[in-house]
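Below are structures written as structure tokens.
The two complexes that follow have chain A in common; it is paired with chain B in the first and with chain C in the second.
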Partner chain A sequence: MAEPRSHTQARDFWTATVLWLGAGSVLALLAWILGDLLLQGVGRLSWGFLTEPPSDAGRSGGVAPMIISTLWILAICLATAVPLGLAAALFLTELASRRTGRWVRHSLDALAAVPSIVFGLFGNALFCHVLGLGYSILSGGLTLACMVLPLVVRTTEAGLSNVAQEIRQGAAALALSRVTTLRTLVLPAAAPALLVGLVLGIGRALAETAALIFTSGYVDRFPESIHDSGRSLSIHIYDLSMNVPAGNDTAYATALVLVVLLIASQQLATWGIHRWIQPERSVR
Partner chain B sequence: MTSSKPSASFRAAADRCLTVVLVGAAAIAGGLVLWIVLFIARESMPALLSIAPWRFATDASWHPQDGLFKITPMVAATLAISLVAMCLAAPLGIATAMFSSFFAPARIAGLLRRWIEILAGIPSVVYGLWGLTVLVPRIAAIQAPGLGLLAASLVLALMILPTVALTAEAALRSVDEDLLRGAAALGLDRTGTALHVALPAAKNGIFAGLVLATARALGETMAVLMVAGNVVQMPGSLFDSIRPLTANIALEMGYATADHRSVLFASGLALMLMVGLLVALSTMSSPEATDG
Partner chain C sequence: MSFPKSPSALSRSIAAAAFLITTLVGCGSSDDSPSAQTRITLTGSSTVAPLASEIARRFEERHPDVRVEVQTGGSSRGIADARSGAATLGMISRDLAPDEQDLTAFTIARDGIGLIIHADNPVEELSRSQIASIFRGEISNWSEVGGREAEITVVNKAEGRATLEVFKQYFELTSPEIRADVVIGHNEQGVKTVAGNPNALGYVSIGVAESDIQQGIPIRLLRIDGMEANIETVADGSFPISRPLNLVAHGTVDGPAAELVEFSLSEEVHDLIEAQRFVPSRR
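Moving on, here comes the complex of A and B:
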């Protein structure tokens, strides 16, 4: 009897060892990447880096215009995607039949899977050429809005469908109109989910590069309006590392700024999801 | 109702207004993906109508400005890096998922998931930068130039690893508890439970995740653009410089005109169809597909 038992124990030991090594190597890889970012990026980082324009093709100076451009692109993206996404999510939870709802959801899932370079092609053709907006912050922001829309809709929808059906029934029994029910009861209850969707959208939009190269363009000056071309932080990283010899230090510093922003927004979203959208799952 | 007639009709009007707005928004959101396909198809029509389809394979080379449109090396490059990346990411990702579902203490499993989510959140351009400055010189030390299939596959593997690991973990976690308890009651050890009970039970979910990860790999642009070397040639060895389809679009969109531009849109369309097929396959094979 003792023989097979020790045999299985030995087997479990070896499996566990292999898996610990596998998981450990994943952690080590991540630590390697983040460590490099930190070590190579922190040297160029200073207050001036965040507040000054670049000089010498970006090798020195700062990234202030890129931060402004990124914020503008982000603002246009969210100003479009959030109201549209909220309305679509409200449709899915309040109005849609099962069939229609399924179609819209499938279609949004398909949209979420579209490669970002294809969004870039689409944005370039539609916004820059057909609508005549040219390479501009407006084109870039609208392109990103198409991209983050599925994320905003699905998160908001999850929050809305968590609002108890009894609230809606109670409101209907009181003969409240749909508008009033939504405005005074459902929306406040679902507001946190909307915020989480917003933060997830910010994360996705901040990280995006390929969709922006041919929509918002390359220009590294301070944008004067949303019709100007503006270079996002992500494109700045690309340009510095590919087109500017000896641009790597600044590229790393910019990447560090971007990744810190991203991790912060991601942690905020994760916290919000556990807190408000799937409270039961956070127990695990 | 009768006592407040004006307000009731106002409310009805407001409700109708709201309905119109919501239906309109849902129509835009739901129709957007179709619109994108049609729009890109429209832009690629000139090329597809004026260039015979076999010429994408039989033309002498890719010199679009001279009217030569051999696109097969780039298709091959995309498939090659995706394949190698999957071969690296799939075992590592599934192992990580097995580890955190069956062998790791709960706290370590939670920590691991957090880290993998961070890995998933790093932008592709940062992976590209890291690959370019860290991996490429190391590969170049083995065989120049360093930029090429191997570097692109490695970076890509890192990028799709979170997709594989997180979907596989979700699939393993949704395996019926009774099944696991049954295995324990039969005296099966952890390895046996994990490999022969949980893994087969979760295989549909894991497969769906792998397919989704492949779709990601096919569509990834920035990271591969930065480390693949971008020489248009058939991939022959791991160290060859290659140019994937996505990189080609990103490199040439800036100056492409007429048929050239149209061919780039056509390659985007092809990319989108490939990704679409994979995502449909993934949705069909995922266990949640039946829920609606």
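Moving on, here comes the complex of A and C:
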């Protein structure tokens, strides 16, 4: 009688141990990375680091122009990718025939698997040369938008198609137009998925180096307009750790700034989405 | 089934997006007008780029009407962009190849690569073939090359480092045949490894080694085939393991670009070159 019970207990114990180990190692890895960044980067951090331009190839001075460029690139990327992505996701769930939908989805999945350096070369050819935008923040932002688009479309679409069909049918029964149904019922219900797409998109865009080095470029001046070349924080980190002797301290400090910027913009996105969606909710 | 014509939040935002994209793309072509500034574009070697950016910053301070844009992408890109006219000047961290003689090279600095040992190691000099044998693992003890009875710790550079390429080329080595005990990334790491191991043999940029020796770090630069490894021999080009950092131009350079080349070759940028751990070139 006692044996099967202890057997079950042992199994429970080991399963729990494995799960704890899994979760623990994920947390440990995150803690390690953040701890390493803090330990090595915090010595270089100061108010001046955030407000001054770099000097001596980045070894001294700050990263202010890179922060500005990064925010501009991110803004252009999101301003393009989010409306386009939302439109494409709505097309897929509301309008596309099964056949068309499959084609579009397959194309998007293929696009999502393309390495970022390919997007970089594509962006360099299309935006910098064919469209004549040159090395500019605009070229960089649009290239990133192409890269982030599949991510935004697929997550948003998943959210939209998870909205219960009964809601749409109920709305139709009440003679609500499709647009009203979408705006007041479907979109708010799909908002969490939209948010996930947005947050993933921000993460990918801020972390990107390969797609930007040939599009937004390497210039570490304050950008005067979006037609200027501007170095992103990620490229600055890459350059400091690969090409600049004794650039490691600044690379760590810049990475710290990037992580904070990432968390801040994701929080802002979350807040923004909730603010946009919440008033609509009251309609229900 | 179709959407009604009346503007809704959704169609408004889609229209706004379409408008945004067309405007953004459209203004690319009319980009030339806003500023009457002269723009000089430099593209190429990522080794030269940080130095070129610093030179550009100082040049812009003296010529407020000129904008110098530095972009990276590797030496090959520098060559291609200088030829196509996409860049005013290319940057390359090597000599011009025989099929690149249509371009003119201006050597602004040199990067020398020296072999370093611990300051306590009695060995003064190694020959080219001895060094190649050590890195191939054929010689593994310092006593075989006139040193103490001790195993040699071979410190090699990580794959993809330009220093490794120059090193391999001079000693006629290939990556698979190098038997390394320690693999390092950047120069500082190499200096630290050798400073902490009396039996190590490594190689780093000579500029970095000299500035570290001056700071009292216990390392020494080895003579190779009787040739002293120091900033002097790199500067006059007599030290063989070095590479030039060049600006290249297709056809004649004139106007502000010519001034920038002249400025890059002048003594006014020597402190910038030394800050990047390179050696100013002697013309």
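Simple rule for what comes next: the second predicted complex is superposed on the first by the 222 of 284 C-alpha atoms of A that agree within 3 Å, B and C clash if a C-alpha of one lies under 4 Å from a C-alpha of the other, contacts with A are read in each partner's own complex, and residues count from 1 in each chain.
As a convention for this text, a residue touches a chain if its C-beta (ideal position, glycine included) is under 8 Å from a C-beta of that chain, and two chains touch if they have at least 3 such contacts.
This is a predicted model, so every value here is computed, not measured.
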Original post:
Of the partners chain B and chain C, which touch A:I33 in the superposed model: first, second, both, neither?
Top reply: first
Subject >> Touched partner set for A:V18, first chain B, second chain C, both or neither >> reply: first
Original post:
If you stack the two complexes on chain A, which partner ends up touching A:S225: first (chain B), second (chain C), both, or neither?
Top reply: second
Original post:
Should A:A251 be classified as contacting the first partner (chain B), the second (chain C), both, or neither?
Top reply: first
**OP:** Using the superposition on chain A described above, determine whether A:G203 touches chain B (first), chain C (second), both, or neither.
**Re:** first
Subject >> chain B versus chain C, judged by how many residues of chain A each one touches >> reply: B
Original post:
If you stack the two complexes on chain A, which partner ends up touching A:D56: first (chain B), second (chain C), both, or neither?
Top reply: second
**OP:** Pick one for A:L131: touches chain B only (first), chain C only (second), both, or neither.
**Re:** second
Original post:
What is the contact status of A:R275 with respect to chain B (first) and chain C (second): first, second, both, or neither?
Top reply: neither
**OP:** Could you say whether A:D109 touches chain B, chain C, both of them, or neither, answering first, second, both or neither?
**Re:** first
**OP:** Kindly list the residues of chain A that each of chain B and chain C touches, one partner per complex.
**Re:** 83-84, 86-87, 90, 177-180, 182, 213-214, 241-242, 248
Subject >> Contact set on chain B toward chain A in their complex >> reply: 1, 11-12, 14-15, 17-19, 21-26, 28-34, 36, 39-40, 43, 92, 95-96, 98-100, 103-104, 106, 110, 112, 114-119, 121-130, 132-134, 158, 161, 165, 189-192, 194-195, 212, 215, 218-222, 226, 246, 249-250, 253-254, 264-265, 268, 271-272, 275-276, 279, 283, 292
**OP:** Name, in rising order, each residue of chain A that touches chain C in their complex.
**Re:** 55-59, 76, 79-80, 83-84, 86-87, 90, 129, 131-135, 138, 142, 177-180, 182-183, 187, 213-214, 217-220, 225, 227, 229, 239, 241-246, 248
Original post:
For the complex, which residues does chain C have touching chain A?
Top reply: 1, 3-4, 8-11, 13-14, 16-17, 20-21, 24-25, 27-29, 31, 34, 41, 46-47, 49-51, 53-54, 57, 69-73, 86, 186-188, 205, 208, 275-277
Subject >> In the complex with chain B, residue positions of chain A that touch it >> reply: 8-9, 11-12, 14-16, 18-20, 22-23, 25-27, 29-30, 32-34, 36-37, 40, 83-88, 90-92, 94-96, 98, 102-104, 106-111, 113-122, 124-126, 146, 149-150, 153, 175, 177-180, 182, 203, 206-210, 213-214, 234-235, 237-238, 241-242, 248, 251-252, 255, 258-259, 262-263, 266, 270, 284
